[in-house]
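We just call them A, B, C, D and E in the order they show up, numbering each chain from 1.
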Amino acid sequence: MQASTLFIIIIGLSIFGYFMGQGRALALAKPLGGIRKLHSLPSYYAAQAALFCALPAIVLMGLWLIFEQPIIDSLVMSRVEAGGLIESKADYNLALNRVHNIAAGVLSREGQQSVVLAAADNLNAFRTNARLALTLLALSLSVAGLVLGLRRIRPDFRARASVEWIMSGLLMACALLAIFTTLGILLSVVFESIHFFRSVPISEFIFGTSWSPQTAIRADQVGSSGSFGAVPLFTGTLLISAVAMFVAVPVGLMSAIYLAEYASRRTRTLVKPTLEILAGIPTVVYGFFAALTVAPFIRNLGESLGLDVSSESALAAGSVMGVMIIPFISSLADDVITAVPQSMRDGSLALGATKSETIRKVVVPAALPGIVGGVLLALSRAIGETMIVVMAAGMAANLTANPLDTVTTVTVQIVTLLTGDQEFDSAKTLAAFALGLMLFVVTLCLNIVALRVVKKYREQYE
Amino acid sequence: MPDMKVNEKHVTVGKQFHDDPRMTMRNVNVFYGEKQAIHDVSIDIGKNEVMAMIGPSGCGKSTFLRSLNRMNDTVEGCRVEGEICMDGESLYNTKLDVVELRARVGMVFQKPNPFPKSIYENVAYGAKIHGLADSRIDLDEIVENSLNKAGLWKEVKDRLHQPGTGLSGGQQQRLCIARAIAVTPEVILMDEPCSALDPIATARIEELIKELSENFTIAIVTHSMQQAARVSDRTAYFHLGQLIEVNPTEQVFTMPEHELTEGYITGRFG
Amino acid sequence: ARENIDIVGSSTVYPFATVVAERFGRATGNPTPKIESTGSGGGMKLFCDGVGLGYPDITNASRRIKRSEFKSCQENGVKEIIEVPVGFDGIVIANSLEAEPMSLTRRELFLALAAKIPGENQGELIDNPNKTWKDVNPELPAVKIEVLGPPPTSGTRDAFVELAMEVGCESFPWVKSLSKSDKNLFKSICHSIREDGMYVEAGENDNLIVQKLQANPAALGIFGFSFLDQNADKVRGSKIEGVEPSFDNIADKSYPVSRPLYFYVKKAHVGVVPGIEAFLHEFTSEKAWGDEGYLADKGMIPLPKATRDALSESIRNLKVMTGQEDLH
Amino acid sequence: MNNSAENLRRIQKSLKKRYFVERCFLWSGRAAITLGLLAVLVLFVDITSKGYGAFRSTEILLDIHYDADALGIDNLHDEKQLAFADWDVLLKNALREQFPDASGRKERKQLYGLVSNGAGFDLKERLIANPKLLNTSEKVWIIADDDIDTYYKSWLSGDPYAERMSEKQIQWIEVLDEQGAIALKFSKNLFTRGDSREPEQAGIWGAVMGSLFTLAITFCLSFPIGVAAAIYLEEFAPRNRLTDFIEVNINNLAAVPSIIFGLLGLAIFINFFHVPRSAPLVGGLVLTLMTLPTIIITSRAAIKSVPPSIREAALGMGASRHQVVMHHVLPLSMPGMLTGAIIGMAQALGETAPLLMIGMVAFIVDIPQGFTDPATVLPVQIFLWADSPERAFVEKTSAAIMVLLSFLIVMNMTAVWIRKRLERRW
Amino acid sequence: MPDMKVNEKHVTVGKQFHDDPRMTMRNVNVFYGEKQAIHDVSIDIGKNEVMAMIGPSGCGKSTFLRSLNRMNDTVEGCRVEGEICMDGESLYNTKLDVVELRARVGMVFQKPNPFPKSIYENVAYGAKIHGLADSRIDLDEIVENSLNKAGLWKEVKDRLHQPGTGLSGGQQQRLCIARAIAVTPEVILMDEPCSALDPIATARIEELIKELSENFTIAIVTHSMQQAARVSDRTAYFHLGQLIEVNPTEQVFTMPEHELTEGYITGRFG
């Protein structure tokens, strides 16, 4: 049976279990004098039965599907290996593929070795058997769970506690996913970074002020001028993010305030989603727009003012990025501002405050944690954004605070280093991982500070 | 509550009007969407007068009070008809400056709603936005004075910079009173200001009302008839959104003109 | 099991490989090969990671495989690699039609773009002082040097450095002599591009460079020939050594800055993934890579006929690399 | 305390300034909205003006004779014959008949260049669909080559772009135009096909399906998981260092460059779990990881803004914390959570960089049929087309953007509609 | 409020304990962060007893009441020490199911806090989550009964499906009472349930309390001494977080044992 069919059957079974559970609970309750005599609501008994029915079976299925393939492969290949055809990992892989493709009927059986053909047949047999076993196991587990779940239904059984315990576990697992993701990210950059720091001293990387990977440190280029000082990249990131926030925060926040406090309902329902479109326009499009429309415009403007503006100024990339992240601030802030209870506004208005005073002094402070959350999210997006900067900001690693100059960012370098034409263990490519790691650490510090600050200024309303 | 019918086209009995009115209301109707909460109320509130408003729960006292400083504007779907004037000027005139109006007509809400700020900031808020204090010292003085008048100073003087939301119910109520009087409004509307207060604190507030009434106009909604009797000059009785009777407080409590008023008063003591 | 051919690699070869793939798919009814544009280096890494269904069958490259890459391939069990040169790609230096046409020599390019140039005295190196083209050669216009080109991570950049800068650099005899005596120094002189803003690293998107040129007539751009071919109403290719970058000039090698394009096939996958051989044949058939073939229509410059014939022979035999080739 | 009259004077004095501030505030709000809307408008106009042309393509009316001999076919059910037949021959014959004046190899080649490279295969499909056509003739609108398309469109608009055209071709087109045998038709290919190297054959349906599959996975995983994580952190987690750590972590994940998520996906899903490369499944998983922080953060903000008194009321009634969440907190914060979902999904819909690492930046012709078929997504298609030399791809690119935006708008409208229904002020 | 000092190590005077207690509290201390709000309170509440709690605003009545059904758990930084038992079982036992506890010990809060749902849903909520109704008809009956008992039915019967937040202050308060009694808790804690009610509604609630006390245990915080006198069996007087005196209500109001109590009582009438 297909895994998806099996899954649907289990879900179906658990839905059936739900109604069974509910029916049983109701039946139990009737002679006792109504559901109030049960410890929990019938729906909890039902949910308990459904969860018992579905959860173990689905977990089993997940694990099975992850491990099925490797186990079958090793079983199948053990014969082939015994046949003495395999000398290296490469041979193994190849033979395995051959077996797979023959088994799938993509390759013709003609001219293949008999061991391989046998293995292919084996594979098919194993697969069929494994699926059968899985089907049987999962279904019986599911039915067993169902029966157990139903049998546990007693008037004094604490079904609610049991269901909520499971739910809490699931909720916590979801929250922990963030930790695992972080761990995964760290693991996927740390080793390469260590590798990188073997060839480039960590101090040079962190404190060096010159970034020029063009003459990379290759074996045949000892002592040439390739330099990996990350400072200009971080200042560049900072500069562009600052420009972006300079555009996005006032526009986003003021839009949110206007929408939540001044605009009519109609305007609000129209404008808010319209602004949200800005978040979904592909970054490539923004990149073109920044590079081809905004940058020349700013340059010409600057020239007519007698300023020396680079044609790939940080200003152009930053301001376009700012436009992109407007909705992160406007929508989020709008939601939290709307959620501030009306009595807070009433209190202020009744003292003779104008609307804007009420907003600035009462509503916004009360909504501050949410607003800061939105701003931080937008800032994060600005720091992590890649495509716009790749197209519009260029790659000149200048150490400058002048937004009219061209700068580059960490993400640009990561992308070009990772996707460019490199030998893969060159310092250049590895530098991408080191940059990723360092960016991670830097933003982590920023976030810790931000958390502290938010905690300090939090105003909890009633 | 006695199930007495209100005559379809009712007439308010008693002394609705005042010779020297600060606020004059004529044929006021208030609607929440379709539902009419106030029916055709006409009444004056005199200068330096304390007007008590009584009536069964849900009869429209808060609604009426809120329409006196246009706080009803903030309720979606709420509509006010008729004429409400202060010193002869119509409040619902589009030209009227509602900010100034609210600064002049202060309000204490039925449910205490302190800002999620420190106690000090709560009281200083009005003074700050109106620029009533020239210096920090002035401001400190205003805060202390107001808290003192509301009888809260002693309890909170050591925790002025802790959040106002961490106060007890009665303390929050007094905080809101302090906040309202800190901007020295000319008219003060109080919606059950003593509902959560103990007798001593109540006495303090009643004293405050007396004190304020020497210069200012006060409208107070209360459920305590003793309180009404103690502080007010005239008493208005509302019933199902209609103004049934307005008379000097003495008279209302001793020999009410309208049978509904009498029912309400005696229902209490019966 | 995977049934479609899996191709990765150079973004330069990508447009050509895709045409072949599409025709191959439509004509034979095989699933159309999947082609990822990962850059030559990235493709090579994926390619050399191992053999088996999880790894690509073919990688495209806009340069020859490097020795280190070849070694890594061998180590990971990718022993038998078939190398297929498919044609040339011209690298052009172009500017907007609105600007004056330029005619440059490689020496001028070197003088305009190198980080350091030889000074007055033998053996002396100075930071590149040239600000305008006039500083490079008094006959050129007095326009600020502004060249949009690929970043150091790009294959196009490597090719440009090798084919244009290095040759220009060798026009200084004492530098040329270094190429024997001190290879490192030679490379660091000839391969370093200035970083003072005159050379703008504009990313790998050639269309973007074309459009940036249109917006900024003072600038020159470096990109592949096919983009010039398609945008003749916007940009004009500069003559190099007096030769215009045209199809014919690149094909007969009179235009000096052009590089070979390759793809590499895992022999081990032939017969494991269906259709690889047929794909090879399609790519190396005259109707594809011939002088009149559809790849030429797409802007790829064909190999000389003789080379093609020789190659198609060895490809039919699935001849693999020996490791004895002259790799860098 | 200051007396009332003095205060009133002060208040009145302050009013002018305060109203000025009020007006500035209001106007800056209006300005902000205008700016935001203007940005949307500019982008829309820019894109539409470039892209609308791509919805029609040039087609040429030819008299096609399905000549079995020329094709070398006698049995339409023989796969092999079909595969090796030279379908272009039909076109070539038709063109030669139409323009007998083309002489010499070069001119012939130019003549054949009028129609699309892939048009022969279109005829093949036509014939297979209707075998009766064999050995008969019919007039068919044949899709023109991209260069012709570009020229014809620019010629119609009065500013012909003839760089890639020969003299002869220009004459032929004029002739065709006089005969009414060349015209702009609605471009069906754009909406039915996958990618192609020939701009006139290229379509976005493959990418649309890819996006659909990918986003379905992303939404089905990231929204429930994100909301669940937010609920856990706000409502159940004890306030301690661990939860602070999780919170910082989540905020931090939002700042991780998306390409790093691609690296992660490559390492975990592809190399460890052996999810097929280039598949919507792996794309969806990676985008899930990427959008989770956005959804968690917005959801937390929404949960935070539910007044505590409501929780108290429910707890006081004997509701369990789960019931409080399910019955009160969740319904009240759902609009905010949907905002998070909208923004997160929009972000996922427009993202290219992480897909670079997991093989979704690829040339894929066949329309994906499921979650494990090789697929690409709309922004990647845009990215690839934008980097193609053929000039006809410029308008295709913009058209693809328009399609992506419509996709986005449809997606958002659903969410916005739900959000609107759930919203209330209390 | 008279500035009387509380003896450092105070002793509660009067009849703290009960022969047949439902709830027993021993040496209870409650802290908000650093600040101690309840000092060493020991008291019993008997079965079928109505216990009134009085005391000046901010003395800790609400805090104490909230610790009886562990609502203090929800306040960040709030800590309860000492022993609180119900029917001999400790409430702060980790094994205890707090949800069940709160279902058995109902609470009416000081500030009315209806759910942002319809009036019907507000009242039906508890019955729904506790499974008290087997059918829609049962539920309707529970809702009608509860609203009737709280004296709100007549006013809202036509608008059961309009939001509970659109009610007047007093109506909201009665709604919250109706909501609490709908789940028929064994112990009911009421924090100033009549503060926003008019005399007639108050009388209705007091009647309700009497009625409920036949079967249930009730603790009521009130500022109205008349009310305490009318409804309660024993009265506890709190002062600055300490329990000063507990005695039969009669006695507290006629001859209080402690001078602080006396001061508070007479302060009222003085």
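As a convention for this text, contacts are C-beta pairs under 8 Å (C-beta built on N, C-alpha and C of every residue); 3 or more make two chains touch, one makes a residue touch a chain.
Quick caveat, the model's predicted, so the values are computed rather than measured.
Undergrad: By label order, what chains touch chain B and chain C together?
TA: In this structure, the chains that contact chain C and also chain B are A, D.
Undergrad: Chain B and chain E share one sequence, so how far apart are they rotationally when you fit their Cα atoms? Give it in degrees, rounded to a multiple of 5.
TA: C-alpha superposition angle, chain B on chain E: 180 degrees.
Undergrad: Of all the chains, which has the CA centre nearest the overall CA centre?
TA: A
Undergrad: Going by average Cα coordinates, which chain is farthest removed from chain A?
TA: Measuring from the centre of chain A, the most distant chain centre belongs to B.
Undergrad: If you tally contacting C-beta pairs, which comes out ahead, B-D or A-D? Let me know.
TA: A-D
Undergrad: Per the centroid of Cα atoms for each chain, what is the distance between chain B and chain E, given in Å?
TA: Here chain B and chain E have centroids separated by 28 Å.
Undergrad: What's the distance between the Cα centroids of chain A and chain E, rounded to whole Å?
TA: 48
Undergrad: Compute the distance, rounded to whole Å, between the mean C-alpha positions of chain D and chain E.
TA: The mean C-alpha positions of chain D and chain E differ by 60 Å.
Undergrad: Hey, how far is the Cα centre of chain A from the one of chain B, in Å?
TA: 54
Undergrad: Tell me, which residues of chain A touch at least two other chains?
TA: 160, 288, 342, 352, 354, 357, 418-419, 460-462 - these are the residues of chain A that touch more than one other chain.
Undergrad: When you check chain C against every other chain, which residues touch at least two of them?
TA: Chain C, residues with two or more chain partners: 2, 38, 204-205, 208.
Undergrad: Find every residue in chain E that makes contact with two or more other chains and list them.
TA: Residues 99, 111, 129-130 of chain E touch two or more partner chains.
Undergrad: What's the complete list of touching chain pairs for this entry?
TA: A-B, A-C, A-D, A-E, B-D, B-E, C-D, D-E
Undergrad: Please name which positions on chain C make contact with chain D in the complex.
TA: 2, 4, 6, 8, 11, 14-15, 17-19, 21-22, 25-29, 31-32, 34-38, 54, 204-208, 224, 226-227, 229-233, 292, 294, 298-299
Undergrad: Please name which positions on chain A make contact with chain C in the complex.
TA: 88-91, 93-94, 96-98, 100-101, 103-104, 106-107, 212-216, 220-225, 287-288, 291-292, 295-296, 299, 310-312, 390-391, 394-398, 406, 416-425, 428-429
Undergrad: Please name which positions on chain E make contact with chain D in the complex.
TA: Interface residues on chain E, with respect to chain D: 69, 71, 74, 76, 99-104, 106-107, 109, 111, 113-116, 125-126, 129-130, 165, 176, 179-180, 183, 185.
Undergrad: Under the definition above, what is the set of chain A residues touching chain E in their complex?
TA: Touch list, chain A to chain E: 29, 34-36, 38, 40-42, 158, 160-161.
Undergrad: So in the complex, which bits of chain E are touching chain A?
TA: Chain E residues touching chain A: 97, 99, 129-132, 134, 138.
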